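Take a look at the structures below.
Here subunit A shows up in two complexes: once beside subunit B, once beside subunit C.
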Partner chain A sequence: MSKPQSPPSLSVAYLGDRFATVLVWLTGLLALALPLAILGFLAVRGMHVMCWEFLLSGPSGVPLGSAGGIGPAILGTLYLVGMGLAVALPLGVGGGIYLSEFAPCAFWVRLLEFAAECLGAIPAVIYGLFGYALLVVFLAMNISLLAGGLTLGMMMFPIILIGSRAALAAVPSLERESALALGVSRSWVARRILLPRAWPGIAASAVLAAGHAAGSAAPVMFTASTVFTVTNPAMTTPVMTLPTHLYNLVSEAVSFDHAYGTALVLVVGILLVNALSMLLRRRLPEHY
Partner chain B sequence: MPNSPSLAPTLEVRDLQVHYGRSSALTNISCRIPSRQVTAVMGPSGCGKSTFIKTLNRTLELTPRARVRGGSVLYRGHDIYASACNVDDIRKQIGIIHQRPVSFPMSIKENVLFGARFHKLVRRADETDYARKYLERVGLWNEVRDRLGAHAGTLSGGQQQRLCLARTLANQPTVILMDEPCSALDPAATRRIEELIIELERDYTIVIVTHNMSQARRVSRNALFFYDGRLMEAGPTQQIFEDPRESLTREFVTGQIG
Partner chain C sequence: MVAMTVPAGNTSTLLSPARVAWRGRRWSDLALWAVSLGFMLLGTGALLLIVLYVAAEALPALKQAGGLKGLLFVLPWEPLAEPPSYGILHAWLSSLLVTALSLLLAVPVALGVAIFTSEIAPPLLRGLLRPCMELLAGIPSVVYGFFGYVTLIPLFENSFGLAAGECILAAGLILSVMVLPFVASTATEALRGVPGNLRESAYATGVTRWHVIQHVVLRQAAPGLFAAIVLGLARALGEALAVLMLAGNATAVPHSPMDRGQPITALILTELGEAGVDSDKYHALMAAGLLLMVITVVINLTVLALKRRMLSRHV
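And then the complex of A and B:
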């Protein structure tokens, strides 16, 4: 007679399975809890400075930034990101169309994708140094909106290129084939069919890149930012930005209340941008 | 070499060989496709029917790893695989309808005009009349006349297949290839497409791939029977069905293989 087996509830396999289930649940909850905790922490510490004056007026007080608001920093960030997008969006989408429709062979596609992924993985501070050396010094653009916008454009370019390529590749190949079977050119197909189909994915990657750029201090620190401005942003003058303003408030111990308020505005802005990106992705073809 | 009867061919295939990667898909195919007649391409699944018709307008090149490794396809006496041949012109002259109707993400009217605009076959002022002409040709005009601006995706499967046919006809081709055009349609829509094929035979050379032997008998005058990447028999449809020369053909038309 064989030895009786232990009931399922006590077996090692069952206990191991329960342990693994609990572990993956906990790690999953951590992914939700961490951003919520950061947002909650910033809300608790920074919410009391939040008012229209904080959002719209410039910094004031002694030391500068201990009173007043972050209006010029919000405006400067929007101008910089807008300018970066104006450069990176056409280049990134063009590169995505090339990789998806015109690249001569799979090896070439893999090589260019690898290069774009490497470009996307370069630390933001390196973009800052490169932008400073090339744009600010070599091309004599000085520290300005133009130099900072172009630096952010360089940083956004690989993100938009990779996202555009993926969105275009997600368009059903039968549509591409049916269109090309009519004897039309690939650029005609790209303009009339692929871009209308892929635009939610392209827009999502652009929004994601914009959110990433808006939150980065390093690329604009040496190329565009200043501690204080009173004029509206102009191409040839430096601008205030949210991340560099936050850096100044904390590193100079100017005002931690204002620093938390600034961080709250930045994080909520980036969350909204990411939510918009997710919404756009949901409009892609089903198999994306 | 199996050949169809000696009618003036629009297309002539000589010793065609096609590979997908390293594996052979079609071996030494030679045949003639007569002008202004319907030719059915029959055979069991995986025998190379779809591959064959895609070689006739160079859309096989759009399939990754597919290559024509030898032979030639002559359209009106000219090799369409010659380096001097313009592939866009070939695809304009020899249109193709796919198994599943593929409407583009635009309006019904824009769908019809998609290729015609590129090839400058229509002036902007005449676009609606031009679209109407081809929608009438496929019997779709009365069903869509009040919603030409509606998204093509709102049409039924059968209507979309007729829209695809109108879009191909608007390109002013001389040959129409059809890759199982009724396989995704209900019987009523299938009957409508078959009626259209018979109507269009007056003006176009048509090659239709079909699994449905009854359909092949109803719509075609000539037939090609493929088996395992080889053309086993070609001839008038009636002869293929009633007095096939090859035993494999007999087994296929009597339903013993398929």
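And then the complex of A and C:
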């Protein structure tokens, strides 16, 4: 007499499979819900302070920041990121062109990429520490737009370099070699063949780096930011920034309403920037 | 930062461009070559400068009593004591605790998400998960800190009866959400890299889907999954604002997850503003930064090496 086989739907393996599948589904749904929950939370709590006055005017009230708006902080963040881009974009794209077009051997490429990847791996707070020690103190730039912009530029450089190197390397070598065979110069190839094909990738990495820089408080806290400014940003004066303003509102318990509003503006801004980067990447011939 | 793989071998090796440009005597080419090389060296030179400068500024920290051992293991952080002492034991222990907790929470979920994305999810959800993960990765550290501050801290105060809700566990919880997208996307990449014919041969033997995942896919992707976890570790160690706002910023050596702590990044951000240039405190902060920098760079290089090895094996 052999024991009757249990039907397959009750076997240990089948139940194990079902159980694991349910668990994995749950984690997947959690991953879908988490960002929506965080965004929704900020939106619900922050929406009611949102108005043009909040976005455009400067902070006021006692304690400072409990009334008014975040206009100077938005402006300061834009200036800082623009300044960082002005430093990092030429350096990153130039470096990318060098790596993909001029590097004499594979070893040299690998060495330079290794350095860029190390730079990308350094935490944001170290850039802040370095920027403070070298730019603010040693080079006596003081806490200023210039020092903060340079610090952010250093942080953005490896992202843009690796991104533009990848975008340039994705241009088919057949095209550049056909052009060279016709006798045109390298610089003509770079200007008329490489850049038109690779610019969406380069722009995507620049935009990604900008979004990353706009949200980081650690590098600008001691190099560029101040609690309050009224004047327009200038190279040698400190600026307000969105992330440090949010930090001040919370750590000094100034106004949680305004903190929600600031957080919402910051997150929505960065989301839009990241979405732009994604759209740009879609214009590339192939995803890398 | 999103990891991108660069197709190798796209640089033409036949014509060494600099040499061709030189022979052709094309001044525009030479200019482009010189400018691009200059920018490259200027940018990567920053790395050398950062490492050397921070190291040089960190060195005097070893001169205080106890040297390296005192700095790392013995001395407390007591800037107001007489004489003041600057040991960073509490900071790296806090960093370690916060990071370990966050990985403990994030890794199982991230692996689940990766398995879901690459093996189980219907195409619609798969398409949604990637932007969702990018969204989570895009939220800035300070916003996570704020979010934790208004959700977790009151929760902890009410349910655990703590006087103040800030503690290492709160920081670890928020940090786990922050590293989740990075671990999940790298792990998904690793699972996707497992060749389809391995899966199909396993299915052909009549085993369940979970059996295939567990014994074939996960095993095959193990180095990549390890790389994902290590990458999460590096990210968690380097996070600054969120742990500054949630860990409690206490300079005592933490003993349990419910204690207040001050990870390295929080120590730097708290004290840097008040550290006089060339003071002992300033050098101690530089030493803490050097420690953090060395750890994260070494970790990232390990990940790179692992990834390269995986790529060369599969292609």
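We take it that the second predicted complex is superposed on the first by the 253 of 288 C-alpha atoms of A that agree within 3 Å, B and C clash if a C-alpha of one lies under 4 Å from a C-alpha of the other, contacts with A are read in each partner's own complex, and residues count from 1 in each chain.
Methods note: a contact is a pair of C-beta atoms (placed from the backbone, for glycine too) under 8 Å apart; a residue touches a chain by one contact, two chains touch by 3 or more.
Everything numeric in this text was worked out from a predicted model, so none of it was measured.
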Partner chain in contact with A:G28 - subunit B first, subunit C second, else both or neither: second
Partner chain(s) touched by A:L279 [first = subunit B, second = subunit C, both, neither]: neither
Subunit B versus subunit C as contact partner of A:P104, first or second or both or neither: second
Which superposed partner A:L174 touches (first subunit B, second subunit C, both, neither): first
First, second, both or neither for A:S185, with subunit B first and subunit C second: both
Partner touching more residues of subunit A, whether subunit B or subunit C: C
First, second, both or neither for A:P196, with subunit B first and subunit C second: first
Touched partner set for A:S216, first subunit B, second subunit C, both or neither: second
Partner chain(s) touched by A:A86 [first = subunit B, second = subunit C, both, neither]: neither
Overlap of the subunit B and subunit C footprints on subunit A, listed as residue numbers: 176-177, 180, 185, 188
Residue numbers on subunit A that touch subunit B, as the complex places them: 172, 174-185, 188, 192-193, 196-197
Subunit A-facing residues of subunit B, complex: 57, 59, 62, 87-93, 95-96, 98, 100, 102, 104-106, 114-115, 118-119, 164, 167-168, 171
Contact set on subunit C toward subunit A in their complex: 1-2, 4-7, 9-13, 15-21, 24, 26, 28-29, 31-33, 35-40, 42-44, 46-50, 53-54, 57, 108-109, 112-113, 115-117, 120-121, 125, 128-129, 131-136, 138-143, 145-147, 149-151, 177, 180, 184, 207-211, 213-214, 234, 237-241, 245, 265, 268-269, 272-273, 277, 285-286, 289, 292-293, 296-297, 299-301, 304
Subunit A residues touching subunit C - in the complex, by the definition given at the top: 13-14, 16-17, 20-21, 23-28, 30-32, 34-36, 38-39, 41-42, 45, 88, 90-95, 97-106, 109, 112-130, 132-134, 137, 154, 157-159, 161-163, 165-166, 169-170, 173, 176-177, 180, 185-188, 190, 208, 211-212, 214-218, 221-222, 243-244, 246-247, 250-251, 256, 259, 263, 266-267, 270-271, 274, 278, 288
